[in-house]
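Each chain carries a letter (A, B, C, D, E and F) given by its place in the written order, and its residues are counted from 1.
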Amino acid sequence: MRPSGRAPDQMRAITIQPGYTVHAEGSVLIGFGDTKVLVTASVEERVPPFLRGKGQGWITAEYGMLPRATHTRGNREAAKGKQSGRTQEIQRLIGRSLRSVCDMGLLGERQITLDCDVIQADGGTRTASISGAWVALRIAVDKLLAAGILLQDPIRAQVAAVSCGIYEGTPVLDLDYIEDSNAHADGNFVLLSDGNIAEAQATAEGATYDEEALLRLLRLARIGCGEIFAAQRQAVGK
Amino acid sequence: MRPSGRAPDQMRAITIQPGYTVHAEGSVLIGFGDTKVLVTASVEERVPPFLRGKGQGWITAEYGMLPRATHTRGNREAAKGKQSGRTQEIQRLIGRSLRSVCDMGLLGERQITLDCDVIQADGGTRTASISGAWVALRIAVDKLLAAGILLQDPIRAQVAAVSCGIYEGTPVLDLDYIEDSNAHADGNFVLLSDGNIAEAQATAEGATYDEEALLRLLRLARIGCGEIFAAQRQAVGK
Amino acid sequence: MRPSGRAPDQMRAITIQPGYTVHAEGSVLIGFGDTKVLVTASVEERVPPFLRGKGQGWITAEYGMLPRATHTRGNREAAKGKQSGRTQEIQRLIGRSLRSVCDMGLLGERQITLDCDVIQADGGTRTASISGAWVALRIAVDKLLAAGILLQDPIRAQVAAVSCGIYEGTPVLDLDYIEDSNAHADGNFVLLSDGNIAEAQATAEGATYDEEALLRLLRLARIGCGEIFAAQRQAVGK
Amino acid sequence: MRPSGRAPDQMRAITIQPGYTVHAEGSVLIGFGDTKVLVTASVEERVPPFLRGKGQGWITAEYGMLPRATHTRGNREAAKGKQSGRTQEIQRLIGRSLRSVCDMGLLGERQITLDCDVIQADGGTRTASISGAWVALRIAVDKLLAAGILLQDPIRAQVAAVSCGIYEGTPVLDLDYIEDSNAHADGNFVLLSDGNIAEAQATAEGATYDEEALLRLLRLARIGCGEIFAAQRQAVGK
Amino acid sequence: MRPSGRAPDQMRAITIQPGYTVHAEGSVLIGFGDTKVLVTASVEERVPPFLRGKGQGWITAEYGMLPRATHTRGNREAAKGKQSGRTQEIQRLIGRSLRSVCDMGLLGERQITLDCDVIQADGGTRTASISGAWVALRIAVDKLLAAGILLQDPIRAQVAAVSCGIYEGTPVLDLDYIEDSNAHADGNFVLLSDGNIAEAQATAEGATYDEEALLRLLRLARIGCGEIFAAQRQAVGK
Amino acid sequence: MRPSGRAPDQMRAITIQPGYTVHAEGSVLIGFGDTKVLVTASVEERVPPFLRGKGQGWITAEYGMLPRATHTRGNREAAKGKQSGRTQEIQRLIGRSLRSVCDMGLLGERQITLDCDVIQADGGTRTASISGAWVALRIAVDKLLAAGILLQDPIRAQVAAVSCGIYEGTPVLDLDYIEDSNAHADGNFVLLSDGNIAEAQATAEGATYDEEALLRLLRLARIGCGEIFAAQRQAVGK
């Protein structure tokens, strides 16, 4: 039995509020249950030095957690003077995931930064971030298309992510904080709406796992991402 | 005429959503028009080293702005590795303001940290932070009282803050971003519900000002803080 | 009675030694009693990035305190690897204050940096810094005028600053360290020789204050700054 | 055809020199072809704060790359003043991998730090680090057993890692730098000698991949890790 | 001919003002010509962790240069967030030099920190710092002896330092900035009043030098330090 | 008697493996007994800002020690976020030493960086670094000459370094760790193959020393460097 009473293949409620802030080119407040992440997409007409003059765009991400997003207050990274290894790992993953569905040549020499800030945390902040970032990106790109700045859509597919893990011997979908803290194996899957995989990560915590378990986690991820894809489409009106 | 069409002594809409997040002992989303600040109050049963063993509590504040809270994206302070002088100045002001209405002996050897994170900025983020922080503090202290951890209320009065400035020659209340960027003088007033002043700051930007102007700004601040006090009371149900 | 035996409206001895160092375009050792600050003005033929090509100059300030300027040794900020919030707040105030009396267009595309280093501290280091910085700036600008680099004087007025506070219930002028540590309210006023105000800041420490008290502090500040203006004029031979 | 002429399921030469340095409790120079990593295991009779008094040990890892380990010189992280996100991601992976085969209770309240320093890089530095770290750990633990400090062996299995990827459409084993820079998908698999998986990570670079590809990469990883397990056993004389 | 017109073995004017500041246990403003360094000695009743409980004291030094001590303004180390390699090298040298004349057992478990801050620079700042630091230390230790905190004098000898170098082919004593910038070899000698050497450093800049030159520099240093020893004794009234 | 049984003027075994790594333009693993340092020379076609457009080259050095190069593990400087004063002092010394034998005009506008990374430490790491750096530089410059990029050899002489010190009253050559930790005086001498001196540093540790001792240390250094020069020539085949 899961602490939340959910079935093993049951997602938490997915909530997506597009246009949550007024300044960003794209913005969304995404919720996976009690996990709430604010994602903004900022378009800048410049690219990082390594891409200058190559006719290509870039998508990057930054991730942060408000100090009291969690059960007990964590130290503010800005006050500590550095981002943790966990933060850097997550923001690298978000950036890679979004780049996997975007044609950088069609994007042109501009950069889109996806800021994912966790307002409230209950497990799955990185997967909610990726899933919300796609919506923010979609909104921002739609504006560029509507304004005639882009002539062709650089986004090739939807991308979404969900965590799966083995909790008390059972593979379960979309772990909340209690499950996450006690899971024997914990995976994050970044899937595309065309069925392909952008990223699969499954880590043993305590007990290692076998190939069969890996495949079952992936199957659960397909179920979860299917629901997220639907919620994303509804949020952007497609 | 003000860009927003407001009268000189007219506040923007004040919105206060108490209990905005689930983990913090106190939390609130406060809005002054398009300025939105999430404030959480975290209670910890320890005090900073300089207060240990003195039977006194401490209230401190941290302030941050999400990178895309503003018209154009700013750099993330955690990524830059340090907080700006502006950030530090603001969080010192918030902490002082809240300490001015709280009896540290009655609070006992515990620390309350007020995290003020700007979700969306349109001028007045520091004054909204102070005004919201009082609500978050009030909620957290009420929980300590209800739990019998505190026997006597350490909060002596309400505290609120508002900005005033001289815009195109006219003293105006609660400056939004356009006014703030063009004001000749800009002040922040932190007032108590008993009529006293916790902090008065008025800075010339471009043109200096005279004593009469200082008094008129203070008078506007009294009007604005009166409205905020009412909204605070309504938010905490008193 | 004040610990120093001074009357409530009595400044400490003001000493100004212009030309204290040989390399800087302007320099001064200013003393308010035992508080001694060395201020140098450095002229550089470049402006910060945000002003390039706008035909405007810039005045900025940095502030530091020697580790043993105080009763007990403080940590060296260079060794700690960052400037404190207090340091940053003070250097921002000094820069703003000096900019309030200088026409940036007449200054031309050059930057003047005012380094204020506290050799010995006994309260009022920020106000002595501002008051001394005006002298260093005046000397440096006089050299630019004498050399024909500037054709018109960009300095519109004198600027000086002094602290005032409520000590044992009595508003007093120019607080020394003992008074400062025990004052119920503590203000810093930056005034111009034309009677205007560049900055007024009054902060409650422990007990809040009322409007009448604010005005009495301002009145004391006018007395103190009057004396400083005279000493400044004498120091620059005008 | 692979640039090196290797078959798709062919590892590079695996070389393991145990006891490469004199001071560390365990040390090894491991080579996967031109990739050379020096791993040392340092035993300290203390644990991190979060484990104190719990009767458990800890295994952690740090990773670094000499500035000229690569084709062109990279900046020294110590001189830059921070470790990159990539470095932190890798050292977290190494630590997790080694902890997955060690019983922390049997290890007792002591910490073993695995320092993995890349002397020369040609792809696969993180997988060579993990594979070499097991040997260094084995040597260090054998000394603790021989000295009677440990009475029971806390190491439950061997752990090894290898990278696999899809290069020009073909799944290949143990990518070198040229392959790694051009692979469409790139995975790192951390496997145990008992057949279980400690970590599976597969990332799309450019083109995403399907479930069949993921399984083929895992199958190649099993081949590669089998060879590494044999080399590890030979190195430690078992 | 030296730019200053001095003879090769001629020091600049040595000026020593003891008791330059009021708070420090010992303080001095030392000048070697236009080079002016403020040195304070701070006594603290604690020692660094590595000495705790060993019945020994410690002497350490910190060094800083005010941003406009030099011909053109340098960046403030506190603002840059780190001390340069040059600064660290100099403060290590000052600390070692003073420790060489002090019996750490007689000093007892207390630390004396010598802060050397360059007010104005014209070559020889590190040697003036060492020479001045001895005076500040002497004053501070005399106070400890007078107060009965120390019963026996821990200072065994005087220590002084001077720079020598080969300027246009001629060995010269006490280089000023112009000479220092153009010297072919540049040495710093830290000598004791008993004739012994605490530190000898001679560095080729451009042209290397031979053993004969090293000895001639050392001989010049003896002449210079003789004069400094006399000035030190006069400053402390012995 | 020396702990190692060596005669006072006896070096440890000098081992030099040129071409230790494949990517660097020059590389060497140098050993002085158990002290092992990997030095690489990296050639870059750019110079630091202060030399741009002056037709001159630059040679610089960086130094690091692997965390477990020593008897007990030290903290990784990259993890601490800054290089120690000792590290900076050593890398400045290495850079100066190598520049003393190279004609910067003949080198042309390019920079050679010498990375000296201590694999294993047993005293004398800075002197082994300098001695090895010459070999790496020689190899790199020979490649530039062979490729016709340089037409004339910028290297004027060999440079080598060795430590000497007074151990239990006797001047000894090439101190190992035990001797170094207990020496009363400790010197590092950087000598040229033409007999000249690039750098002489001798520091009292505990007991100061006299001129005669300084000369005896220098004489030992000549013996040691003679052996190193021979080993360098053999390593580069000259």
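One rule holds for everything that comes next: a contact is a pair of C-beta atoms (placed from the backbone, for glycine too) under 8 Å apart; a residue touches a chain by one contact, two chains touch by 3 or more.
Chain-to-protein mapping (UniProt): A, B, C, D, E, F = Ribonuclease PH.
Being a predicted model, the structure only gives us computed values, none of them experimental.
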Seminar exercise, completed: At minimum, the number of touching-chain hops separating subunit C (Ribonuclease PH) from subunit F (Ribonuclease PH) is 2
Exercise. What chains do subunit E (Ribonuclease PH) and subunit F (Ribonuclease PH) have as common neighbours?
Worked result: none
Exercise. For the interface formed by E-F, which of the candidate pairs C-E, B-C or D-F is equivalent, sharing more than half of the contact pairs by residue number?
Worked result: B-C
For this session: Note whether the interface between subunit D (Ribonuclease PH) and subunit F (Ribonuclease PH) is symmetric in residue numbering, meaning over half of all numbers used appear on both sides, and answer same or different.
Result: same
Problem set entry | Centre distance in Å when subunit A (Ribonuclease PH) and subunit F (Ribonuclease PH) are each reduced to the mean of their C-alpha atoms | 50
Exercise. Measuring from the mean C-alpha position of subunit A (Ribonuclease PH) to the mean C-alpha position of subunit B (Ribonuclease PH), what distance in angstrom results?
Worked result: 33
Seminar exercise, completed: Here the gap between subunit A (Ribonuclease PH) and subunit D (Ribonuclease PH), centre to centre from mean Cα coordinates and rounded to Å, is 28
Problem set entry | Per-residue overlap in subunit C (Ribonuclease PH), given as positions that touch at least 2 other chains | 81-83
Exercise. What's the ring order, kicking off at subunit A (Ribonuclease PH) and moving to subunit B (Ribonuclease PH)?
Worked result: A, B, C, E, F, D
Seminar exercise, completed: The residues of subunit B (Ribonuclease PH) that touch subunit A (Ribonuclease PH) in their complex are 21-24, 27, 34, 38, 40, 42, 44, 62, 64, 66-73, 76-83, 87, 113, 115, 117, 119-121
Exercise. For subunit E (Ribonuclease PH), which residues are in contact with subunit F (Ribonuclease PH) within the complex?
Worked result: 82, 84-86, 88-89, 91-92, 96, 100, 192, 194-204, 208-211, 213-215, 218
